Every structure is written in structure tokens, then in C-alpha cells.
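There are two complexes below, and they share subunit A, which is joined by subunit B in the first and by subunit C in the second.
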Partner chain A sequence: MSVPTLAVFKLASCDGCQLTLLDCEDELLTLAGEVRIAHFLEASSAVTPGPYDLALVEGSVTTPADAERVREIRAQSRHLVTIGACATAGGIQALRNFADVEEFTRAVYARPDYIDVLATSTPVSDHVDVDFELRGCPIDRKQLLEVITAYLAGRKPDIPDHSVCFACKRRGTVCVTVAHGTPCLGPVTHAGCGAICPAYGRGCYGCFGPSGSPNLRALIPLLHRDGMDDRAVERLLRTFNAPAFDKEVRS
Partner chain B sequence: MTHRGSRVLRVGSLARVEGEGSLHLRVAGRSVEEAQLRIYEPPRFFEAFLRGRAHTEPPDITARVCGICPVAYQMSACRAIEDACGVTVDRPLRDLRRMLYCGEWIESHALHIYLLHAPDFLGCDSAVDLARTRRAAVERGLRLKQAGNAILELLGGRAIHPVNVRLGGFHRVPAHDELRPLQEKLRRAAEDAWETVGLVAGFDFPDTSLDADFLALSSPTTYAIEDGTPAVLRTDGARRHFRPSAFPDHVREEQVPHSTALHSRLDGRRHLTGPLARFAISGDSLSPTAREAVREAGLDTVCRNPYRSVLVRAVEVVYAIDEALRIIAAYEPPARPHVDVPPRAGTGHGITEAPRGLLYHRYRLDPEGTVTDACLVPPTAQNQGAIEDDLVRIVERTLAEGDPTDEELTRLCERAIRNHDPCISCSAHFLDLTIDRA
Partner chain C sequence: MTNNPATGVLDRDGLSALIEVLAAQGRTVIGPTVRDGAIVLAEIGSADDLPFGWGSEVEAGRYRLVPRADGAVFAHTAGPQSWKTFLHPQREKLWSAERTPDGALSVTEDDPEQTSYAFLGVRPCDLRAITIQDRVLAGGRYPDRGYRERRTGAFLIAAECTEPGATCFCVSMGGGPAVDGSGFDLALTEVLDQGGHRFLVRVGSEAGRDALDGVPHAPADAETEYAARAAVDAARDRMGRAMPPVDLRTLMGESLEADRWDDVAARCLTCGNCTMVCPTCFCTTTEEVTDLTGDHAERWLRWDSCFDVAFSHLHGGPVRASARSRYRQWLTHKLSTWYEQFGSSGCVGCGRCVTWCPVGIDITEEAAALHDERAGRLRHEKQKETQR
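Then we have the complex of A and B:
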């Protein structure tokens, strides 16, 4: 049997999610023995053309060229997994979706005419079929290894969609909202990070995006009670997964 | 076949650099008519959407500019906003910030030395390829990288986009006992760092010299990382300093058609930030152990050869581990995890040394602390001009000495670019090499 091929691609993003693969210091060389890394520009100048067995895509679609590229990547990939908040929800750069992108371009660049971008930053799944979306800003290393292992073994990844609250309970962290009145998005945020923020005494800021069936309507009054005004709540929900939380607020 | 005529070379997408870019080179005979580092990383508009955010938010938001150096963004943002609000952070908290930053230097430098740069010197495509013949070396690199990440995970909560940094300090500071396992890990890492200096000192370095002014932070007592005054060392040896708030007067950004990054110049001249600049400006302030590493590496007081920047990175890893161990040894948990940073109207400037060079942030706040204006000047945007000059010099020299094929020239250019550890996501915008032999 031939060795499966792994490809890593990047669209608009910070490189943090593909760096997570290089951050698997204990597993990286073992993994490289199990798969052939056929395309991973951040780590290797050797590039082999597709088709690929598993493609990991980081980043959101923000330019006409990337919208085309992601279709080519899909056509070459047996399984396509998107990694991180940019690829699964549009990322922080999706804040333009709520603003005027031409005004944004003028604010940053003296010559906006050199810049060719789309008015929105969108998840890869808005453009092509995606086999699995791994959440997080950034993704979690152990979850990434689980997803890769699952696809190599031909099974479904075991990534639960419950909220960060479950992870806090499992970790034995005292609830920051109940005990200290700290505003926290944990009840509506997808688990996966290991509930780090509450363990460090701060409220969850939602970097993994909404959990399965989040009850935002019940949470917002608690955020108000704990001292956040409407603008502060809007800012909290509009950071790294803004379009995804926005959809939940409107649903 | 001969290549004495004119030609154009294109490198579609540069590998082993952070972010996306290409290179366009137009060669006529033996001279380079044009060298453009084309950064096609899509723009993400951080400076635009920071407007209207609360003054507490830029550290978490700007971390997302770069997954390789999020701490640099968090630190420059905190410094700038604390400056705007007139707040100074207590010494013990400053030490913890410095230690967190050391973690990022160790992680980022180990990544660059072993995974991105060493394959060029050892004739491989990647560290995975290198591991087939030199597995122990690659494993050492990964161990070092992990030691840096261990600092980030303990003090920051996680290695990429740490959650524990806030204005005024941290959400939570570690207890004394928590640092002990880290201390042991760093002591082992110190040995790996020494062996790294030995490894890179054995590389073959092509002879070349940069013709750009150096810009780095300097501090009277230490090798500046998270704090200091910008200092310039000109090519003629003249040195001067300026206040952080004068940064916009000295470093000016301009936009060029081939790039989504903004290029900048220092007083109208080409400049370079990063390890070579830091070493030239602050080398005297290195710790005794790191000074020993300098001798072991065979470095002089000023190094202008970008290929040899890998030596400086190896020395900086020795230093960062030494610093982290020093801070742990003297550590007493601070009375409070952060100082308050109440908002006020004003403008603040924050400059720190990201692993790949000097990173400037400026914010203007209204009386409630809402950000009304934001400006980020990343190291790669500052270095882009010097990198292009470097490419012209290296390619012309190669053309003068022989008759390279397009493939050889392409390889050479990619290597020359990697010397500078460019962070193209940072410049908000990476490389596609075109060599134009028109």
C-alpha cells in the first residue's frame, strides 16, 4: 500500500494553525514516517503535485485569487479539513464584513488601487465542500493530531462540540462567573482549548467559536449583569469568530 | 546553454518562510535591473478594525497578526497603550514579561535555525529530509523549540496566542513551585543551545556584506528585548538614539505596487532590523555565558553578513535561556498580577524586539479608552528594502563569477531571503519569485 500524502495550504491567516503542526515536537518525526508531506511550504521547499489524500487548509477566502485556489485545492484533495477560526469562520479579518472594505483599504494603504480584495472574509466551506472543520484561534495541538490520525485510520475524528463549561468542570476550575462575576463566553463557546482562560482567572473570549446549540439569549443578560454594556457585548462576540457568533445572535 | 542574455526569473511561492510571497528578478547580462520581493499575503486590515475597540483589546487582537511572534505583538501593544495611559508596570511584572518574551525568542529562533534555515546549509529540502541523515540534530532542535514553548505555556497559558497577557501585566502570575519543573527543562535546554552554537559555527558561509543602517532597541544595562530606546548604527559607524515617540518622524512607510506590505525607510536610508542589528548595537550587554557563545560562534563585534545571522540567532537562544533562568532564580511572586491601566485620552508608542526585528505600535485613545487610530510597523516591512538590495548584490556577484542556470539562481535567491527570517504574515502581506531576463 502506498504511503498517504499530506498537504498543508494557507489562505489569509497568521500561520499559527499550521505552526501547530510543527509544534507537535514529540510527534512530528513519527508523523513524517507515516505520511509523505507532499506540500507544506512553511516547512519544506520540496513540493509534489496532487492529488493529496489529506489537505489541511488554514486561512479564510479574502481575494478573488484565493477563491479560485481553494477550488483547485478541493479538486486535488480526497479529504479536505479546514483548520482554525479563519478557515472555519472567516477569522478576525471578517470584521470587514460589518464595515466598508473600501474605507478599510483607504485607512491602511495610501494607494488603495494596488490592493485587490473581496468585500468579505469567508470560511472555506462557503466556497467548497469541507470534510471536517477544526475550530480554534489557534487550533489545539492534540485535537489536530486526533484529526490527522482519524483520517489516516479512515474513521471520523472524535471532537465533541460541547461548551467550554464542560472542560472547566473536568479540569476542576472554579466558575469565574459564579464565583467572581467575571463575564465569560464559556457557556456558548466550543470546547477544545482545555478551558485555559478560566484556569488563568479570565473569562473565555470565544476563540473557538460557538458550541453546538449555544444559548446566547440566556447568556447575554448575565454579561449585562456582570457589567458589560451592549457595545462591550457586541465587541466580545465580534472578534475571532464574528460571523459565526453573529449568526447565533440572529437565530 | 548560456544565460549571458537577458532573462526574467519567477519564484511562484517561497518555501520555508512565514507567510506568502514571491520574487521577481529582471536580469540583463550580468546586472540585475530589478529585484522585487512580492508580498501577496492578502491584506487583513488590522489598523482599520482596531478603531472603535476598547483600549484593553489590542494585545489579544494584534497577537493574531502573527502566529510565530504573538508575544511580540502583545508586548508592543501593551507598552503603547500603557504609554498612552501614563502607566508604568512594576519591576517584577516587567521581569515576567521579559521571561515570556524569552520563550518566544527560543521557540521562534529554534524553529528558524533547525526547521527553516539549516536545511539550506546542509543541502536538504526540509528538517524532515534532514532527519534522515542527522536525526539527533533535528531532535535537538525540536527539544529546544519545546523548551521555548514550555515558557509560553506556563506564563501565557498556550504557545500560540497566549491568553494570560493583559494591560498592566498578567491575569495570573505563577507560584514559586510552578517554575521548578521549567527550571529543570531550561537547564537541559541550555546544553542543547550550546551544541546548536557548535553546529551552526561549522556551516559554510558565502562571503557577502549588507549595506544598510541597523536599527534596534538599546538599553543601558541589558540586551534589549521588551524595553529600550531605539538606536541607529549607520554604515559609517555613527551611532545615535531617538525617543520611541519620535519613531514616526524617523521611520517612514511607503507603499509600492508589487506588495501588500508597506515599505519603510529610516531617515530616507535603507535600514535593517533583527538579530544582526541587535547584536551590533547591544552585543556588549550580553551575559557572560552568551559572550562565551559569541566567541565559540566566531563572531566579531559587528556582523554584516546575512548568512551569518544564524550564528547570532544561536547566541540569542543561549542568552534567552540564560535570562529566563536568571529571572526564575530571582523570582518572588509579585503582590498583584497586574497594575490598573485606567483609560485616558492620548497617544502612546510601544516598541519591542520581535525575534525577527523591531516592532512598533502606536494607538490614539479617546477619554473613554476607545481606540481612534492605530499604526503597526512590523519588522519585515522595514527589512523588505534591505532584503531586495541584498538579492541584487548576491545575484550580481554570482553572475560575475559564473554562469548560473535559472534553477541555481532561484535557489540562491530563496536562500538569501530566508537569511532574514521574513515574516510575511506580519508584513500583513509573502513571496513568488520571478527572475526576468528580458
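Then we have the complex of A and C:
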């Protein structure tokens, strides 16, 4: 079997997630031996045309051009994995989904008629079939390696979708909500980060989006109890995974 | 307190010396210590690491570390961990496999030398929990070798309970604040009165006697014994909570279709905290690790929870997809089907699941509600019967 090709693409995003791939310093040489990196502009301007075996797609769909491009990427990719909160939930730019984009363009740009954007920022899976979604803002390096390794081995990646609380308890972090009354989204947030924030005494802010079975409505009274008013709760939920949490609030 | 004669009295220096003796035996001494606003279990270098002058105030979904003017060291209730953190660690390697250049596989079972622990301050509820996990993990035909070795090698210093918390209900689960019978090497009872800050010591094993012989201690005196007994007896009456005094096993079995499960499911975050803090919850999943080349693979055991949707994933999807079914699985297993499986209840009444549930779901309140619902149902059926 020939070496599989790997392609990395980006839509509307900050590049942080694809940077995570370059951040796999110890594994990069091994990875380069197991795949042929055919399209990864952040690493090399040398590009090989598709089709590609494994495509990693970062970023959300925010323009008609993105929507067209993501269909092209899908058509060229045998296995498509979206990486990061933008690609899996719309990202911070999905805050526009709750506002009037035309009003923004009028206020910001001298020639708003030059701006060709969609009214919403949406995850890639709203546009094309996605084989796997890797969450996080940014994604976790080890989880990215697990996804690639699992693909190479022909197995499912081991990426649990339970809550961040699992990770806190495993690493022995004292619960910031129970012991300190700190508002925390950990009980409704998808694990994967290793529960970094509570380990440093701050509440989880949900950068991995909702867990596999979130009960957000049961958590909101706790956020209120711990000092957050409705506006503060809304702000906490409306960050990198705003549409995903919004759907849970309404469910 | 009757089975083992009191054999000595330690003061703070004696306690300190005991830690040194155990450490000199090559043991890793684990005990309570203050970290991040709670009393956690961690490696203890000396008695200075122990939580002298710290206590805890707990309620459902709430824990606060509070200073204590009396300087007590064991006057706190269950923190976010239990001894299973050490005996049944959250992640453990089972084996690794290598693919040789000629394509053959070689599998190596992981068999590390296990840490020799000394646990300082094991509460009676946790002593029972360890016995329950012994049955689960080291009993039966397929014992967990790592667990068994760590457990066999562990030196247990129990600490009787003199300060139960608001979420404690061990008495209603058939336990109590006193250490009875066996299952420990040394048992301490903290005494704080005009006679000073001291610990009544009872010996539970040969190893316990040897350790005590190695530290300066006074002979047990009637006053200390009386004060210790009084403190533990008083604790028995100060349990913050109680399970309803009914046959929980039957109650659970006859409540499978109860409406209460919907009520609790609306509040339950399914976050898994209750199972992680429970000293008897033992469930694990296996994690298959491969490297990028595919030439090296490992299998690890890691804590899992019946609150994880994937936990009951079989062909086609999870068996317990709803929060209702998952909470019901946890409670009915803990209080009822555990008997069929392991010959006892799975609950020791330590109160951790009540304290460390972020939304404060209270196992005793849920059991009481299920009991009320069942009683109402039975009354209704009886009325219908008499009307006929």
C-alpha cells in the first residue's frame, strides 16, 4: 500500500488548530514517514493536487466562497476530519448568528457592497458529510495524534464525549464549583482538554463545546447561585461554541 | 471499640514518629492534607503535612474547608477522593505489544513492582468500602493482579470518626463511626480534652504491633479510653443524613418504572462525579493505544462510569441513552443488584456522592422519594382491592 496523503485546509479560523499539528514536535518526523503531506500551507508552500486520503479541515463556513470550497475539499478527500470549535460548531465568529451582519458591515466598512459574507457562521458538517469531528479551541495535540493514528491503523479514534468532570476527578482536581462556588461549565462540556482550567482554580468555559449528554438546563441555576446573572450566563455560553450551547439551552 | 483492646496512646510526636517508621519500611505514606481548598489524600512526608486545625463543612453539592480552633487533625469528612485513587488507580497499563520487522507480534504483560502503601486516617466507612472493592476486584475467579498486590501490601491505619458531616449516613447503611473487628493494622481515635491532644491506638495485626513498638507511646489509660469511646458514641447520633429504614434491595427492584427517575433525570447533569468520588464504584474501560507506525500497541485500563453514554454502547448504539436510565442503573446497582453480584450493598454511607454532586442530588432523598412513591402505589392498589 502506498503512503496515504494528508491535506490540511482552512476556512474562517485563526490557524491555531492546524498549528497544533506543527506543535507535535516529537512525533512530526515519524508522522512525515507515515503520511505524505500533500497540502499544508502553514508548513509548506509546495502543494500536490488531490485527491487526498486524509483531510483535516479547520475553520467555519462564513462566505459563499467557503461554502463552495468546502464542497470541493470534500470531493477531493476520502476521509474528512474537521478540527476545532470553528469547524465543528461555527467558532467565535458564529456570534454573528445572533446579530445582524448587514448592520456590522455598514458600520465597519467604507464600502459594504464589497463584502460578500453569509448571514451565519456554520460548522463544516452543515455543508458536507464529515467523517469525524475533533473538538476544542484549540484542539488538543494528543487527541489530534490519536485521530491520525487511529486513521492509519484503520480503527475508530478513542475520543470520549463525556464531561470535563471525568478528567477533573481522574487527575484529582478539587471541584471548583462544589468547594469554591466558582461557576464552571465542566459538567456539560465535552472532555478532551485534560481539564486544564479547573486545575488552575478557574471554571471551565466550554471551549470544547457540549458533551455527549449535556443537561445545560440543570446547570444554569447553579451559575445563577454562584453569582452570574442572565447576561453573564449568556456571555459564558456564547464564546467559541455559541450555536452548539444555544441549541442545548433551547432543547 | 470492644473487639480490640486499647494498647496505647500517641501524642502528635508519636504520630509523627509512626509516619517516619512506616516511611523507613519503604512505604509510601498517604494521608489527608490540605490542597486547593479541600482536604485531599496525598503522599505525606511528615505529620506537618496533616490537616491539623482544619475541618470541613459539607452539604449536598457543597464543600468548604474551615479552620478549627481545637487543632484537630481527623475532624473532617470525606473529601473528593477515596483510597481507590491509590488501590484502583484511574489509569493502569495492562500490556504492550511490539511488531518485529518480520511481522511477528510479541505481547508483554505489564507487571511493575507495586507501591507499598501505608494509608493514614482510613475512616470506618472507607474501611468497609475497601472490603467491598476487595470482593469486586480481588475476589472471584479473575482477580485484578495489580489491585491485589497493592492491597495485600498496604498498611492501614484507621481513624475512628468523631466528627460526622451533614452528608454522612453510614449508620443507616449498617456501619458506624467506630472501627469494629479486623481489616486494619492500627486504629486511632482522636481525643481532644484537658488531657491534651492525643490518639488512642488499637492494634489490629502483627504488622501493626511491630510499627507501634517502634514509636514512643504511652500505655492506654482509662481516661483516654473513656473520652475516645464517648466521642465515637456521640458521633453515631450526629449523622447528618439517613437512608430510609426500609429494605432498599426490594425497594429498588420494585421501583424500576417509578416516576421519580424522570424527576431526578431532569436535575442530573450525568457528569459522572458521583461515580468518580464513590469509594466502591469500580467500573473501567479499556483503552487501546497505538503509535503512528502501528508497530507498538498498549492496552490500558481507565476509570469509566455508567453515566457515560458510551459505557453501555453495544452494536447499534447505547443501551442506556437517557439520563433516567443511567441514574437508575447507578442507584439500583449500588443499592440492590450489588447484592446479587457481590453479596452486599455497594453503598457505605460516606456521603461523597451527595457532597460532590454539583447539583446536590442526594442518594438518601432519592431513596426516600422512591419509597414514598412505592408506598403510595401500594396504598392505591390496596384501596382498589378493597373497593372490589
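Odds and ends about this structure:
Here is the rule we use: the second predicted complex is superposed on the first by the 251 of 251 C-alpha atoms of A that agree within 3 Å, B and C clash if a C-alpha of one lies under 4 Å from a C-alpha of the other, contacts with A are read in each partner's own complex, and residues count from 1 in each chain.
Everything that follows uses one rule, which is that contacts are C-beta pairs under 8 Å (C-beta built on N, C-alpha and C of every residue); 3 or more make two chains touch, one makes a residue touch a chain.
Here the structure is a predicted model, which is why all the values come from computation and not from measurement.
Aligning the shared subunit A places subunit B and subunit C next to each other free of steric conflict. In the superposition on chain A, A:Thr20 makes contact with subunit B only, not with subunit C. Of the two partner chains placed around the shared chain by superposition, neither subunit B nor subunit C is touched by A:Val81. Contact with neither subunit B nor subunit C is seen for A:Val233 once the two complexes are overlaid on the shared chain. When both complexes are overlaid on chain A, the residue A:Asp158 reaches subunit C alone and has no touch with subunit B. Looking at the shared chain after the overlay, A:Gly201 reaches both subunit B and subunit C. In the superposition on chain A, contact of A:Val128 is made with neither subunit B nor subunit C.
Within the superposed three-chain arrangement, the count of touched residues of subunit A is higher for B, of the candidates subunit B and subunit C. Legend: residue contacts after superposition of the two complexes on their common chain; A:Leu6 is shown touching neither subunit B nor subunit C. Measuring only between alpha carbons, the smallest separation of subunit B from subunit C in this overlay is 11 Å. Put simply, subunit A uses residues 201 to touch subunit B in one complex and subunit C in the other.
Contact residues of subunit A toward subunit C in the complex are 27, 30-31, 33-34, 145, 148-150, 152-153, 155, 158, 160-163, 165-166, 169-175, 177-181, 184, 186-188, 201, 212-215, 217-219, 221-222. Against subunit A, the residues of subunit C that register as touching in their complex are 35-38, 40, 61-65, 79-81, 85, 90-91, 266-273, 276-277, 287-294, 302-303, 305, 307-310, 323, 355-359. Contact residues on subunit B toward subunit A in their complex (touch as defined above): 13-20, 41-49, 51, 53-54, 57, 60-61, 64-68, 70, 111, 115-116, 119, 125-129, 131, 135, 138-139, 142-143, 145-146, 149, 157-161, 163-164, 166, 170-172, 254-255, 257, 260, 262, 337, 414, 425. Residues of subunit A touching subunit B in their complex: 10-20, 22-23, 25-26, 28-29, 32, 37, 40-47, 62-63, 66, 91-93, 95-96, 99, 101, 103-105, 107-111, 114-115, 117, 137-138, 193, 196-197, 199-202, 205, 207, 232, 235, 239-240.
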